[in-house]
């Protein structure tokens, strides 16, 4: 817990340093806070005064820290609205499909990794290895393009882009998560459209990432199979399947918890490319737009938000870890 | 847990089953295994071709630059990769003279792929090399001295590792400014923390080994111990990890180029070429497919080799 | 008919660039109620022997030959049928207690799981409470103090001696006809070692099991076994009654082992040490495996391998005992 908080502050400090390297003068900083291109000197001075931009650096850092925890990042230069407002709109969209993708990816990885580990150095192991080596080494944009071509343009079973059918009216924003909002409003046609549009981005992320889970799961299964307690489990007279289900699986899953928090970061990064290809307007698409328009504040804020969510994911993983492994629980 | 391990060591539990079923004999070098293993060998051959070609082509480009004769850079290529736009040659499908077809500007895609290779190779080896150097030094020192220094380094690396590599690289390269070198700097900043972690972990296990304790007893300086004993002994598992990592750097580098960050046009870059061709997919399939497949081939060979090296070092080879 | 007949057992390990043979033509009969000590230095193949009987060798191992258990050839069975012979037929105790129990399950669950299998095989339905009672009774049998509390513990909260007692209790719950113990005490303190050995011996008599006790320690084997099997370089060097072997060792290797075995007052004399180290399976000598360390080796020992000869009611692999 203490470590997570220190890491969080360290993260903010790193981003703060980066901001100061790019915007070294109070004037430059103030312009970013106002947004837009036309400012009067009076306006700038007012902002400098208001945000304390001429104070010593450590005071500024404390202010920055407070601002970050209040969600106050500045103004987006393109949309002319606070960055936090945009992130609040885009983050749930990305989070929704990324979480679904991660669940799919982890299940796929656990299954293939266990199979590869149990039948190591035999045909199933080789087939799975060939499969994940290709998806792992394949650039995400190629994978996404191939999926888009196969299912949307060739087979025409799924829509090629957008979050939902643009001709349909989206339900009222309640939680920000489109699927949940549509469900609350009972707007099932829209819900269905959301799901259809989500399939390809979800598949792209899950396929791109499952290789790492498979690889760790395979190694972990092999390590567990080598342990004496597995031999003892066999000695009780259990069948291979029972030994796997009762003894091997539970123990080999332990490293997957930590790994899943890690893949969360990869998946978010993959979302930048995938959202651009599928024109899925979430946080990744926003980040891509910001890089094109060189919107520093938006880029750094997104980076910071992603970092914070990964730290939170790691923290959750640590708690889950203690739930699953009694050895950690009691120490 | 640690006390138990120590106890087991003190009592000297030896499993005679394990001693010959699991371990790789120590007198055989790792490379002997690599060249006798089909998977690792395929990876090694493709990597070797990639490196040799990059050195040859890269030197020609550099010499051409000094002699103010850029044509020297494509003397070995079938066509000029930087030829001026030619509508007559635009988007030609693969043929005998244009094996991988041509792009919108009428340039030969194969020549452009080969011309861009040295930049990818340099990116991979420079970024991982610098990350090992910086990360290795910081990690070893932190692990060796421990205390608040170690604690601080761990929190800094945690903070860096919290940001997904691609996103941090995007942010940094935008901040530093456009261009090839800013991407290299950004990637190095992204890559060092994981190596700091690896070296720290290794150092912690080496620190208490007999020969280090003896050196300390004989009053050797910490600096000397770190350079003479700790750093060289920590490097083995790092090399196996790095072999895999070269591929990851190339993948990230191409993805950045795909997003329009990095090498600026008209110079070719694999990821950028794939990105340009995307809008013509699938009609003009060769435009995006060949650059993408090149990335796939190079990355997969690094993974093939690195995966096997890790198996060998961790003794999982016979399984 | 013996309960367990091992015939021409050979075990190979597939390793990178070849195979290593680690057991050479092992022959062994185990009669009901026998207790056999299998003694060898580390790397002699003794654990491989134990694991090949229950067919739990690592996946890169190949076992050839026959192991008849009550007339069924275990090595010829399909892998899926082997489970029917483990547990209630043959039970094996592993050498490292700290890795013997599943770390994520409570002791109680692991013991009851074993008990369920026994009743499933007998087609008996037993209520949950009586399962618990039976487990508790067996834990008392193995002299585990405070069994009620320990049943609700996780393995990492227990000492090596406690875990070994729990594993033995698990074996008793399954009521096997053969118990194999693979160095069950080598990871324990000396005082606990003696208790566990005494316990195994006592329970063997009480439950009428056959016992195969694998150890590197001749004194331990002497304490538990009626027959002694000396394993070296993957071969049986000597096999006979424990008393006979200990009183008049027939093989030079056994003789060396006994001489280097400190007994009584050895402070005034010199402790005999066996010269050299056991051979590596990758580099076995020509002729007799023991010839590099044998004080009596002569020409023939370097040229051909001795057979396992009958000598004074036991079996010895040495030309000196071949009349």
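Labels for the chains are A, B and C, by order of writing; each one numbers its residues from 1.
Here is the rule we go by: contacts are C-beta pairs under 8 Å (C-beta built on N, C-alpha and C of every residue); 3 or more make two chains touch, one makes a residue touch a chain.
None of the values given here were measured: they were computed from a predicted structure.
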{"item": "Graph separation of chain A and chain B (steps between touching chains)", "value": "1"}
{"item": "Far-end chain from chain C, centres as C-alpha averages", "value": "A"}
{"item": "Centre-of-Cα separation between chain B and chain A, whole angstrom", "value": "24"}
{"item": "Whole-Å gap separating chain B and chain C, where each centre is the average of the chain's CA atoms", "value": "49"}
{"item": "Length of the line joining the C-alpha centres of chain A and chain C, rounded to whole Å", "value": "53"}
{"item": "Touching two or more other chains - residue numbers and ranges from chain C", "value": "51, 58-59, 95-96, 156"}
{"item": "Residues of chain A whose C-beta touches two or more other chains", "value": "120-121, 327"}
{"item": "Junction residues of chain B, two or more chains touched", "value": "1, 319"}
{"item": "Contacting residues of chain C [partner chain A, same complex]", "value": "51, 54, 56, 58-59, 79-80, 83-84, 86-88, 91-92, 94-96, 99-105, 113-114, 117, 121, 154, 156-157, 167, 170, 174"}
{"item": "Chain A - residues contacting chain B, complex", "value": "3, 6-8, 10-11, 13-14, 18, 21-22, 120-121, 133-134, 136-142, 145, 149, 153-154, 215, 219, 222, 265-266, 268-270, 272-273, 276-277, 287-288, 291-292, 294, 296, 299-300, 302-303, 306-308, 310-311, 314, 327"}
{"item": "In the complex with chain A, residue positions of chain B that touch it", "value": "1, 155-156, 158-160, 162-168, 170-172, 174-175, 247, 251, 254-255, 258-261, 271, 274-275, 278, 281-282, 288-289, 292-293, 295-296, 299-300, 303-304, 307, 316, 319"}
{"item": "Interface residues, chain A side, partner chain C - complex", "value": "120-121, 226-229, 231-240, 246-247, 250-251, 254, 324-327, 330"}
